[in-house]
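Here come two complexes built around subunit A, the first alongside subunit B, the second alongside subunit C.
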Partner chain A sequence: MPHDHHDHEDHSQLDDMTARVMALEKLMTDKGLVDPAALDAILDTYETRVGPRNGARVVARAWTDPAFAEALTHDATTAIHAMGFGGRQGEHLTAVFNKPGLHNLVVCTLCSCYPWSVLGLPPVWYKSMPYRARAVSEPRAVLAEFGLTLPEDTAVRVWDSTAEMRYIVIPQRPEGTDGWTAEQLEPLVSRDSMIGTALAGVPA
Partner chain B sequence: MPSETAAAIPGPRDATPHFFAPWQARAFALTVALSEAGHFAWTEWAEHLGARIGTATPVPDSATPGDHAEHYYLSWLAALEDLLRAKGLAEAALIRDLAETWQRAARATPHGTPIRFEAGL
Partner chain C sequence: MNGPQDVGGRHGFGPVAPDIDGPVFHAPWERRALALVTAAGGLGQWTIDESRFARENRTPADYYGSTYFEIWIKGLERLLEERGLVSAGERASGQVSAPLPAGIAPLTADRVPEVLAKGTPYDRDPGDSRPVHALGTMVRTRNLQPAGHIRMPSYCRGRTGWISAVHGYHVFPDTSATGDRDTAHWLYNVTFAARDLFGEQAGEGDTVSVDLWEPYLDAV
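After this line comes the complex of A and B, so read on.
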């Protein structure tokens, strides 16, 4: 943002966006429509407490607990909610499983719907126009920009999120992890692997 | 490789922050708080946000992740103003007046001192 400092060296300046947000916040607070403490609590939740580790726990459990994987397939909203990861916007979740010959990729072409309860806040690229526009039209080129090249015979299925339905990708369990516990597997599950722009990590 | 006409996806391999400025975080939190307080449904919000994003000017190819975040949150802020106006909760002129008061308050406030709204009245 350009800051106009030439004759206000010793005084504060607010850029237009900051002033507009402060105006809205004051108006909503003065009208009693929101509590400023609630805003702080929301930011604390999303910046520090909710993040892709929640999703990693879901994935690692799906890899190690067949009954849970089954429940996740049939009703991900309920299965994930039972782990204590509830959606704040009352959205439904669908878990889409990668398997040999099938790779899943999630986008929101309309805006930026994202499974916050399991992945936290979306990365900038997820909300960007190039990703939203290209994930559907040329998913393989998009994946290549993330450094992911899939075998020719692997189909890519793209899921377009909405405010009502959001998706989490369950990546394939890496080879060489037989006998690992869910706790050992969790660190192999990155945020991007649950959006579909990466695979689960390779064990060290 | 991206195709020749396709814009590159910003920062695919970087751990970039979600918010690039405090106003983006406040706008986000205000929207979630208003929805949680029952003033609008999240689906209504998504419709307004989608409409603003759909009509936003394209981001230049040279844009950084920070530019993309700002571009996105400008649509977010405009959508929030649209929705609050549609709900009769915030009139455009009133928002403008309050924003100008905050600007005056900032100009009247020495650096390093909290900005009080009253200083701009």
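After this line comes the complex of A and C, so read on.
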């Protein structure tokens, strides 16, 4: 896979890491530092329960419920927690709204902070050095690599998540969706549109 | 620290490979690493900033030469060793050679849903403290260069921006990285003109918004 040079150049490293992690897991289990069933429960949470469908529900509701959009603008933490999407890496939330002339993009240049409670685990590219290094300094070039070219007169606002505040982008509602319900709109909201590297989908 | 983690605005890393629908893990060991690090965090023996510092406080060659989850594992090994929970000797032999210190209890499976759903709020009661800076006022970031942990990227030190949000009274990472769970300061969002940070090649109307604590800021 072109995104991962380690797969190509250094198979032994992956093998070394497999051995290293297995050994550490066994040692921590033997010492009573981890419960193996807890590891499975953690993975089950983030692989089957908590993911970007949570965020899509937030966005679709914001598009269809003006009172909720208002609440989200003023206190996203309370508004999103009230939907049942709280917890780890989502304790404090800010929703940033795209609008005509303004596009928002989220990054964490210092590590990989990401709103797990609404978007799940971060994609590989979000944690990569090219994205972390360049999203702040040349966001338009980065967006072009995602196939997104914004009009020159659309300002880009980049949010660098340096604290425990997590950011979710509320993309603009696609045209041609008048009268759609929140349930109909949810599939148009991709993970990347809530990070800001894509727009919400166009209805088929 | 002026460490390898502080990459905002750095050149030479090449293009982003979007991999829109790609997996979040490259290999099975990465899944285990994520679970192991998350479960170990549930021991309550270190703060999020201590774990960040354990990952970033290493040579640039080590940091940039390691994959993402490899850094997580190296950070975990360091924390376990520093806390006397798993020694280097135990890792080398694969055999338990010393008992755990008293009072250490693993995160059990039955508590996982509750712990993950609850999270760890980072805001604290400000008491009589009030934020020094008001929404819309101009601030200049301090030229801080500590060898320890800090969450102000180097690209925005000594720069002028405006207060775009007053988030609340939040745990201070610089002290949290030494195990202090209580010290907090007012946390703001500060917005900078992109050209003030990255020069004329930045878009004219573009901005960069960064969350910064009061000890990082001076009024202008």
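Operating definition for what follows: the second predicted complex is superposed on the first by the 185 of 204 C-alpha atoms of A that agree within 3 Å, B and C clash if a C-alpha of one lies under 4 Å from a C-alpha of the other, contacts with A are read in each partner's own complex, and residues count from 1 in each chain.
Keep in mind that, in the parts below, contacts are C-beta pairs under 8 Å (C-beta built on N, C-alpha and C of every residue); 3 or more make two chains touch, one makes a residue touch a chain.
In this text, all values refer to a predicted model and were calculated from it rather than measured experimentally.
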| item | value |
| --- | --- |
| Combined model on subunit A where subunit B meets subunit C, clash or fit | clash |
| Touched partner set for A:181, first subunit B, second subunit C, both or neither | neither |
| First, second, both or neither for A:140, with subunit B first and subunit C second | second |
| Greater subunit A contact set [subunit C / subunit B] | C |
| Partner chain in contact with A:128 - subunit B first, subunit C second, else both or neither | both |
| First, second, both or neither for A:78, with subunit B first and subunit C second | neither |
| Contacts of A:149 with subunit B and subunit C, given as first, second, both or neither | neither |
| Which of subunit B and subunit C A:164 touches, first, second, both or neither | both |
| Contacts of A:25 with subunit B and subunit C, given as first, second, both or neither | both |
| Touching both subunit C and subunit B, counted on subunit A across the two superposed complexes | 1, 13-14, 17-18, 20-28, 31, 33-35, 38-40, 42-43, 46, 88-91, 110-112, 121-125, 127-131, 133-134, 138, 142, 145-147, 162-164, 197 |
| For the subunit A and subunit C complex, residues of the former touching the latter | 1-4, 6-7, 13-14, 17-18, 20-28, 30-35, 37-43, 45-46, 50, 86-92, 94, 107, 109-112, 117, 120-125, 127-134, 136-140, 142, 145-147, 153, 155-165, 192, 197-198 |
| Residue numbers on subunit C that touch subunit A, as the complex places them | 5-11, 13-20, 22-24, 26-29, 31-36, 38-40, 42-43, 48, 52, 55-56, 64, 67-70, 73, 76-77, 80, 85-86, 90-91, 94, 96, 100, 104, 106-109, 111-113, 115-123, 151-153, 155, 165, 167-168, 170-171, 173, 187, 189, 191, 194, 197-198, 201-203, 205-213 |
| Sites on subunit A touched by subunit B in the complex | 1, 8, 10-28, 31, 33-35, 38-40, 42-43, 46-47, 88-91, 110-113, 121-125, 127-131, 133-134, 138, 141-142, 144-147, 162-164, 197 |
| Subunit B residues within the subunit A interface of the complex | 1-3, 6-13, 16-18, 20-23, 25-30, 32-37, 39, 42-43, 45-47, 49-50, 53-54, 56, 58-59, 65, 68-74, 77, 80-81, 84, 89-90, 94-103, 106-111, 113, 115, 117 |
